[in-house]
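Before I ask anything, let me first share the structure, which is written out below as structure tokens.
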Amino acid sequence: MNSLNFINPFGVSEDPGSYVGDFYTDNFAKGAGEGTLILNLGPQHPSTHGVLRVIVELEGEYVVRAEPVLGYLHRMHEKMAEVKTPWQYIPNMGRVDYLHPIAWNWAQVGACERLAGIEVPERAEYLRVVSCELNRISSHLMWWGAFVMDLGGVTPILYAFEEREKINDILQIVTGSRLTMSYFRFGGVSADVDDRFVRLTKEFVPYLRERLKMYKALVTDNVILRRRLEGVGPMDADLCRRHGATGPILRAAGLKRDTRTDAPYGVYHKFQYNVPTGPSDDCLGRYMLRLAEIEASLDIVEQAMGSLPPGPVRIDKAPKAGWKLPAGETYFAVEGARGQVGVHLVSDGGKNHYRVKLRAPGFSNLSLFAEAARGVLLADAIAILGSLDLVIPEVDR
Amino acid sequence: MDLSIANFAQIIIACLLVIALMVGNAVVMVYVERKACGFIQRRPGPYEVGPRGILQAVCDSMKLLGKQIYVPGNIDWILYFLAPVLAFFPVLLLYLPIPFGRHLTAMNVDEGILLILAFSGLGVVSNILAGWASNNKYGILGAARAVSQAVAYEIPMIMALLAIVFLTGSLSLTEIVERQGSWPWQWNIVVQPLAFFIYLVSLVGETNRAPFDLPEAESELTAGFHTEYSGMGFALFFLSEYANMLLVSFVCAAFFLGGYKGPFMDGFWWMFIKAYAVMVFIVWIRWTFPRVRFDQLLNINWRWLLPLSILNLWVTAVIVRFI
Amino acid sequence: MIKAVVDNLKGLWSLVVGLSVTGRFFLSPQKTVHFPRDVVGPEILESFRGPLELVPADDQGGSKCISCQMCARACPGDCITVVKGDAGKAPKEYKYDFTLCCLCAACVESCPAGAIRFSHRVYMVARSREELRLDLLADLRERCGLEPAPAPAPADKTKAVA
Amino acid sequence: MTSIDHLEQIFRQVGARLVSKPDFKTRGICCSGLVPAKAIVDLAKLLAAEDHTLLDVSVLEAKEGFLITYHFDSFSEPGRLAARVLAPRENPVVPSLHSVFQGAEWHERESHDFYGVRFDGNPNLVPLLLPEDFSGPPPLRKAPGDLAGLADLGVFDGSEILDPSCASLVPARPAPPAAVSEARDA
């Protein structure tokens, strides 16, 4: 009814035509059905964890189709490798996935070490395991808070931050930073631990075990949360296989696939720990699995700190900043908090890398969202998105 | 009730007082909510403005007043600006029959609760207008949710209140309070615990508060029906949300918690203490629980609250009739 | 039907448990540090990486730097510029652009003379980008007391929180 | 049971030109092969039937053209393998794996963004990481002189040459046979 258009007190010009979406909306709208609503969730939406954009086609509250749109946080990390020496590229790794930077450190440094045939001292291997597992715990804690926030509970994320800050305090002692850590060096780690690190870590393990009971009382047992998650977004092994999903999503589907045990690296084989699987392939299963993984990581940290061998933390002739990689190709993968973190490294023997391909687990994990979100309620789609544990910088790289 | 000059003046004064109460309540509740939320999350909440941040809410409202009103394109101008006003003003009327003392009522109507229930339905009209007029898909979804939620939760709410009305035999709030005693065991909550529980749940649903804040579910619909409102428009929605909360808390206090009667000395302060206790409880559950899903929200209502409230009503009717 | 009722009652009980958890935290002390009034403890700042600073060789404002350019070459962000002095090894200029620095320690670890390290200045404030382009030689002289220090000491009532 | 020899057999079955069994400890892959572009979908189907998943698609610029490496991993028995396809620098077209692995869609779109490799059969080959209005050639290496030959990069180190026309891709120095047999035993 344009006849009501008698007053325009704020001088906002009225758009006469119907609004035409951008390239991706139009591209998506080509396949839209009759009488459906196309809705852009993001890139600035409270539940898309940064700058993910998801276009959904809604019929009422039900999602008919969904398509994630990436690229809002692309920073050309792979291209940057072609103009950086291996040494200069290590700090980039902390920026790829800010929640589990140590795993990316390990993937890059490990790939270079494999190519150059560098052996790492045993104490350094232990410290790598300790720092990586502590970092995995902090990543899972952050996910826990953010996931509950997606479901509408705002408070738990602040409780999770209490623990996360404790881990950051510990890791800051050796890495010097609280977020984008770069701790690993070719042939070892950058710094040895001090007494304070040992004391804080040993205090932290029983503390977190105690806190996990509170998590259970406040959130896990909560009837609202359980009914929001039970049976929502099942992702079976076949779906994971077709999309290349790894990590907690795959393990929740019942497959015991963990790079730490499948293709052993570091000194993981020296520790007794449980690789949890199941209990179910829905959102609740993934939720329970990640909490179980926190406990498994705590076991590893406890054992590693209990048997920390003496010795140097870096080999004597450690590569210096101008170090050149020998020519060759290698692929090295570690288990990140979100799945398999892989680095495909090709070197021509020059100063810089010839080509680095970063395999981000979140990239593959997100690609199955479109299929998993078909026909669910909008609120469930948000829950599924949250249960994938996305870190958009890692997806976009 | 004859509408003499004195009566008329009384209503005008009452209206002004109610406006003052609404604004004051919003200021207090913003502070209480942010402080409570802060303490639950183990942080201090606002503490920079004034001693212990007590002036924070004043600053917030100043900010809202001074903000540019940003209007999206292609809106329905009349409805867009009507919606916040429509959200705010009907609430004024609803306060008139609330008794703060035996004779301290703005308008002592015999059918007080009927008036409240009738006019509280207007609130949802403003929600749907806001969602529709602002030419926003999130708004439309939020408005659709608001309507089905409000329609659903009004029914068990009325049923729960009717049980008390059956017991008392009157629709007047003053009468209902008068029939209760001063001490907690003389209140209606003791004889009607189920009705109180049903009312408490539907109160949260009716005021769109977490965990039933589906119309403005932040993680799904950004802000639902008021996504496109800024400045004063948003402030009016905000004000009416808290005013609605206070109103249902007053009704809760009057119906179940003995109203202005309390131990040692009756008076309007008891009404306020009880109502604010209910509000703090609402705040508390907001910062504790995740949000329910929309179909679950309706399931809770249609499959549990409604049958329970009907059952409660029948049992009450039978007891009142035969015993 | 009976099972559904029992399930729902159990569910309601879980809500009560949840309320008791948040209620307990409501009454327990806060965890945050109110910055201008409290500050974090010194042992946390020990490992904090602030902007680079030169290690003093003596108390006359001299540095250990031998102008070998290793730091500038190792830096992934090109944030260090060292200008060699006319006589001797001491640098004439040591410019450091904090806006480009990623605090990766490549320079610190590649320095053969041990001349640079990370400072622990956590309360550093800058009003423009220019202020973040630091002259480390001037900064070193300042720390030796040869130039007046601009920043006042923190107020006495500030207490450290562990 | 999927053993490395069995995987090698699959490579030969689809007409691989080069096939090798590198040392997993240093190379991170236990079986690698260069297959003709038209055979990659058949290979993917065979691997999918063997419970394999597609990890990533990595494109390598070389003098000989674009070497597209598909990394697969098995769900039943861990062991990464690399299937490679060589596409010409001018008008590189490769069949898409979308019909077998739906997750390949994004990997292929990413490769299309950065290297201009076209994947025939990808249902939605629009820019993924680059902006949709990105114009101009893909962000390749600037000078052709930058490019290294595949033989120099050692990608096909120690490969068995099944198609003599691809012999130039394999480094001249033969891999010590002892290392190969060790890898098989491990």
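Labels for the chains are A, B, C and D, by order of writing; each one numbers its residues from 1.
Everything below uses one rule, namely that a residue touches a chain if its C-beta (ideal position, glycine included) is under 8 Å from a C-beta of that chain, and two chains touch if they have at least 3 such contacts.
Computed from a predicted model, the values in this text were never measured in an experiment.
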{"item": "Pair joined by more contacting C-beta pairs (A-B or B-C)", "value": "A-B"}
{"item": "Per Cα centroids, the chain farthest from chain B", "value": "D"}
{"item": "Centroid distance [mean C-alpha coordinates] between chain B and chain A, Å", "value": "42"}
{"item": "Averaged-CA centre spacing for the pair chain C and chain B, given as whole angstrom", "value": "49"}
{"item": "Distance from chain D to chain C - Cα centre to Cα centre, in angstrom", "value": "45"}
{"item": "Distance from the mean Cα position of chain D to that of chain A, given in whole angstrom", "value": "26"}
{"item": "Multi-chain contact sites of chain A, meaning residues that touch two or more partners", "value": "155, 159, 162, 218-219, 222, 224, 227"}
{"item": "Set of chain D residues in contact with two or more other chains", "value": "none"}
{"item": "Where chain B touches two or more other chains at once, by residue number", "value": "40-43, 287-289"}
{"item": "Category of the chain touch graph - line, ring, star, complete, other", "value": "other"}
{"item": "In the complex, chain B residues that touch chain A", "value": "37, 40-43, 69, 71-74, 76-78, 137-138, 140-141, 210-211, 213, 217-220, 222, 287-296"}
{"item": "Sites on chain A touched by chain C in the complex", "value": "84, 87-92, 155, 159, 162, 169, 172-174, 176-177, 180, 182, 185, 190, 196, 214, 217-219, 221-224, 227, 320-322"}
{"item": "Footprint of chain A on chain D - complex, ascending", "value": "24-29, 48, 51-56, 58-61, 69, 71, 73, 75, 78, 80, 82, 100-103, 105-107, 114, 124, 126-133, 139, 141, 148, 152-155, 157"}
{"item": "Parts of chain C lying in touch with chain B, wherever the complex brings them together", "value": "8, 15, 18-19, 21-23, 25-32, 34"}
{"item": "In the complex with chain B, residue positions of chain A that touch it", "value": "1, 4-8, 10, 12-15, 19, 37, 39, 45-47, 58, 61, 148-155, 158-159, 162, 218-219, 222, 224-225, 227-228, 377-380, 382"}
